[in-house]
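Next up, some structures in structure tokens.
Here chain A shows up in two complexes: once beside chain B, once beside chain C.
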Partner chain A sequence: MNQNNHDYVKKPLPPKFGTYGLGFAALGLILSILALVADPVRASFDSLIVFVFLIGMGMCSLFLIGLEYLTGAVWSVPFRRIAEYLVPLVFIAPIFAIPVFFNFSHVFQWANPEYLTLHKTVMAKTAFLNPQFFYIRITAIIVLVGLFSIVIIRNSAKQDNNSDQNLTKKNIRLSAGLMPIFGLGITLIGIDWIMSLEPLWFSTIFGVYYFAGSLLTAFAAITLIAIKLKSFGALPSWITKDHFYNLGAFLFAFINFWAYIAFSQFMLIWYANLPEETFWFLSRTQGSWLYISIGIIFIKFIIPYAGLLSQPSKSNINRLKYVGWWIIFAQFFDLYWLIMPTFSKSGAVFSWTELGFPLLGLGLVMILFKYSYTKRNLIPIGDPKLKRAMDFHL
Partner chain B sequence: MQTDYTVETSVVEGNPSFKQIDELIGAPLETLPNRNFLIAISITASMLLTGAIALGFSLYYGIGMWGNNNPVGWGFDIVNFVFWVGIGHAGTLISAILFLFRQKWRTGIARFAEGMTIFAVMTAGLFPALHTGRPWLDHYLIPHPNDHSLWVNFTSPLLWDVFAVSTYFIVSAIFWYVGLIPDFANLRDRTKNKIKKIVYTITSFGWRGSNRHWQNYEMVYLILAGFATPLVLSVHTIVSFDFAVSIIPGWHTTIFPPYFVAGAVFSGFAMVQNCLILLRKVFHYEHIITLDTLEKMNKIIIVTGSMVGYAYAMEFFIAWYSGNSAEAFTFVNRAFGDYAWAYWIMVSCNVIFPQLFWIKKLRRSIPVMLVIGILVNVGMWFERFVITVTSLSRDFLPSSWAYYKPTLVDGGLLIGSFGLFFTLLLIFTKTMPVVSIAEIKAVLPGAQPTHHKAESNNGK
Partner chain C sequence: MENKKLHSVVGLFSTPDSIIHAAEKTIEKGYKHYDINTPYPVHGMDSAMKLKPSTMGYFALAFGLTGTAVALSFMYWVFNIAYPLNIGGKPNFPLPALIPITFELTVLFAAIGTVLSLLFVFFKMPDNSNPLHDTDYIKHCTSDMFGLCIEAEDKLFSEAEVKDFLAGLGATNIESIYYPKINTLPIFTKNFIIFLLCSAIVVSGAVYFVTNKLMFMTPYNWMLNQDRINAQAPSDFFKDGFGMRDAVEGTVPRDFIPEEFKASPDSAGTFLINPLEMTDAVLAKGEAKFKTFCSPCHGNYAKGDSRLRGLFPNPPTLHSKKVRNWPDGRIYHVITFGQNVMPSYAKQLSRDERWAVINYVRSLQRAFNPKEEDFNESK
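What follows is the complex of A and B.
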């Protein structure tokens, strides 16, 4: 068995980190409960945003782990654990589905019998869009993806002790098996939880759109966490600028991927100009939604694109940190734009009630991170590819 | 077989010396064509001749010789065009995108794949040029001031195609040629033939292999790879717009752009893989274009094939989900209507058979991958046929429904396109190094100094 000559020493997180996490969670919880009391339907929509945000991020973190195993990528090995820490979000995110569950027919119009009698087209979709099948789908996705995640992460953790190469092989096989399930799962979450909010509207690319946004967010979160960990010296010294350059380059690629998918969807619907499709975009030009719609182009594409375009910026730690935060914000902005117009048709609404759930989400992510970080090594010290990752250079 | 993940597997097997590489890759250029080559080129040239005859009919009698009817105004012309443009995509993916991803295994196959790109785009270009009916007036496709005050329609994706494909062709050709320069210089220095010496001297632009030359070369190569990457994606995106911006059921669907790109890479890889299998056998390049490389290509085939399968499934699902009866009819008609045979060829070749590559044994078996590669190309050709013809032959007015039947001239042009492509490819293999000599040398074990540590690469 190989012994990696890593100079990794486990360094505990600053004690403040856990306190902040608990603080955010507590404050978020209080605000969320108040929001739920004040306006349960609106709060359910807010909660839905956080649900799709977190579950997408968790699932795409697992996707990135699988991608590393399948492609035999080397440079990303020291960052893989960060993704592993985020994967359990798949189990935590459903907390945010609870408010939706209690206000189901207010959030999803297709669950409202009165709406169905008015819309015969939607009535025809109830073979797919009915609460029972809806819950079966999301449960199946969480259980299946969750099982894969547990086994893959456990194999990875075991390797720290015995450096067994067979575990890598097993994980490659598991990753291959995961991919079709992941693809189906993320598509269905996108269609069920976001697209079906407007049950009349349809777009074949929507699953890919949700995937592209979530992938970008997961990658931004991993980059951001890596930088934070580096800033207080938790990462070993052999992680150099070259490793960060790759993070920046992939972030840039994923920004472009999202923009490509978003443009494809908009462009084709705009050009064909069929009323059954355009109404969805038109409703996002009502009142102040117009500014939000235009804002998407700048916030989720032009600004981060410009920020990472030049070659040096991709390994500029400071730049990467800002872009990382920015993309997390941009994903919220995008999901808000996708989801909230169903609740408030005349214009965008924003007040303290929108803050509770994201704050709770942030707190929970921090608590989860602290828990996973304390339990497992940050660097997969038994990974057979680690030596090559240490030698990685551009 | 136990894989050792701690070491990077070399992309070239057997650790050949630089001299051996020179001789091996130079060999086809320094020997006269043998019997096999002559047999091969006479077959492809006959196919080309068939195409030329069909072309003659199309030009002399007009494109009424084709099977197009009303309502099927688009037939083999667009099907062949999309098919060949798609074939070209694999070359750019291998040479540019995999270069940006620093995938060393691309080295042995990039040059050949890039050549295939150029020939495929040339072949593809024939069809739109012909389908205008009066190809001698095709220059009106380019917006230039003229005394007829004719101006192009900038809102039509067909025009964007003109720009996208021609830009793509130019950048691909430059990219390809830049890569060839150091190799031409190498050949110039090796050859003993006077005429060849002159030709290689001109084509190698005075390359001396100096440090300065290499520095400029690397930078140009990187920039061109950066250019080619968005270009290759844009080309098939725009090809998909040809269909998707219209409101024909089965054409107008938002997933078309990424779906077409994935399909193009899918069929392109199958074609490149097929040609490489023959090439490595004939030229004894088995240790340069290794089985591992072919296996990696097969993995890409299964990934892109599954993406295509995903798009089929999404289209079908949304056709039902949309509640649009025309849309739903189109898809049911595809699967069970007049063209069901074409549809099921498409589904089985594109979605079902490539799944066999999940099994490692089959992924590494030359005969199996050869057959699956051919099936994929059959399937992808039929995909374009299904999209184009099924939607048009059953359009909005049932009174005008008609069955599309290609004519002999259509078939002749299709055969001719294959003839043109393979004839050019055969000439390429005897006139230029089909593997990049300079790049292969750079990925040999021990050739790359690691700039972090003073120790040189320990090879194996």
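What follows is the complex of A and C.
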């Protein structure tokens, strides 16, 4: 029944893992509730950061699964399950949208009637930017992407038992259908939840910007989890440096892709010098935001770029681990830079209130991972491409 | 055959798996000077041969950084030192605008530098010979088989032993490769020089034919032959046959202020007031203009002694009581519109120049008909 001569043995996660996850989640929950009591608007912004972080990561993990099916990629087959474990974040992330829901008109200025009477331009955008349509959009994205994810992941899990090649064919067709929905969905999330915080501002490249950052995060998370699993021996021995080299190369490529998109957005706005576009960047040079803005260049581009530039470093497990954590941090930093200036215009603010929601998010990701890991195999043992993945060499 | 120098012993394998296995065995045996020749890059070969990461990357990095430095410093020199130019109100060193060019030059330098260092450092370019060239072995290696070549330089090398070793691995077509009689091939043979000459003639002939016959274009002489009419030239286009046209009737030049009091010299005397004062600068200007435009008829001292020797009727003296008692505006009217034979000088003299001339005439009049206080002052 099972043609693949894999030597995969399911190994349980260390018992501490679940405890840590619960601990982080509990601590994060307490801190988040305290933050919500102390300053509900600020806490809503913090929660919004974690929402776009997690939903982007979840959706891009599904995108990577779809990409693997569509391109017939071989090297990524043993890592596909890790991405599958992360996809349910699409359903978990909306928890972080609840504080935003209760402070909606404080977070999104276009939902505030007083603001609308002052700004005729935004008034003209209300055909798109109104709360009802806003909720319809996000619900539609989550439901559609969620349906695709459920079917694709179920097919993939079924294959472990019967090694049916038709399931792969089905998933290829599903992935082709998923792509346009994913593209539209991630663009709309970027525009709705981040760009519309400044309803006067617009940038047509913003959806790609958010996609680039999210995909980078998904790659970093998959790399980190793979390295963690390898360190306690859950990955079979045939997963070599060559498999990790591909993860490193993709990380490096998408660091460059993000920088390219981010610079394109900045340079075109800087060069055209139109007041209705430049104010967004100008408001990010006020007070201490200037240092955050300059920091973005180093934190999200130059440091990880230099870290992965040389060829051996892309398969160096230790280096990949540090760069992975660094990119997770950089994505938070980037989202903080995108979202927080709307809340605090004069300068950057940071205190314990910002820590609660990321901790809760980390805890939830760990609990989700433990649940999915115990439920399903780490290696898709029935996948027809697994034999070639085992033989993969550079 | 015996006095030839041995280069290596080679053997051929038919599958990629067997060549990887052979590479691993060769490493195990301890051979250092050996090479694998394959028709395409075989996956896993680097690790089978236990190759260290190539140093090529450092060349690329060095050349890339050179490109970055060259682009930035050159553009800094252009924008700030050689030709400082403000473009669109941007700073003189607009870094964001220069990033794309810097990026392109970095890539260009890295790419070209890497290829050149590959050719000249790694392939030792001017020396283009290798004993493996023109052997059956390399012909198979570039089409259908995988070759292993163990070189005679190796310390462990012995021809018979290596041949046994290759046969043990399952290699076919095992043979010894010798250095050619001449180590480096002579370039300037007779045939090669004839080839060079022929190609030089063909290439230059082709270039001449293409650029002078096929693609010949007249030089740009648009500035010489323009569709316009020269000054004073006739034209068939217009009814009156004149090439030069008058301005449309009623056209007014820019900054044109019409002269007033054309037909009433007395009101000009009453209402026009000399705006200039009797300063040295004004008198100097007035003198210069008077000597240029007025003195030919009125004489250097305005006495009415024309230098034109009676070609025109002599103008009256300007020292007469009538002219002395005229207000400035009245004289201005004469200069502007003319009087009797005298034409208008409005085109030759600007308004200020006319007033300056009037001031100068006043000083001449005062010099020839001084007042009492002038003498008292000089005492």
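Side notes on the structure shown:
Keep in mind that, in the parts below, the second predicted complex is superposed on the first by the 392 of 394 C-alpha atoms of A that agree within 3 Å, B and C clash if a C-alpha of one lies under 4 Å from a C-alpha of the other, contacts with A are read in each partner's own complex, and residues count from 1 in each chain.
Heads up, the rule we're going with is that a residue touches a chain if its C-beta (ideal position, glycine included) is under 8 Å from a C-beta of that chain, and two chains touch if they have at least 3 such contacts.
Because the structure is a prediction, the values reported are computed rather than measured.
Once chain A of one complex is fitted onto chain A of the other, the partner contacts of A:K385 are limited to chain B, with no touch recorded for chain C.
Contacts of A:F128 after superposition: chain B is touched, whereas chain C is not reached. Touch criterion met: A:P312 reaches chain C, while chain B stays clear of it. Contacts of A:T117 after superposition: neither chain B nor chain C is touched.
In the overlay built on the shared chain, the residue A:S346 is in contact with neither chain B nor chain C. Comparing chain C and chain B on the residues of chain A they touch gives the larger count to B. Legend: residue contacts after superposition of the two complexes on their common chain; A:Y271 is shown touching both chain B and chain C. In the superposition on the C-alpha atoms of chain A, the part of chain A touched by chain B in one complex and by chain C in the other spans residues 267, 271, 393-394. If you check the complex, the residues on chain A that touch chain B are 2, 72, 74, 121-122, 124-125, 128, 165, 168-169, 176, 179-180, 183, 187, 200, 202-208, 256, 260-261, 264-265, 267-269, 271-272, 274, 276, 384-385, 387-388, 391, 393-394. Touching chain A in their complex are the following residues of chain C: 43-44, 46-47, 53-54, 57, 61, 88-90, 96-97, 99-100. Across the complex, chain A is touched by residues 2-8, 102, 230, 233, 237, 241, 244-247, 252-258, 306, 310-311, 314-315, 318, 321-324, 358, 450-453 of chain B. Contact residues of chain A toward chain C in the complex are 263, 266-267, 270-271, 273, 309-312, 392-394.
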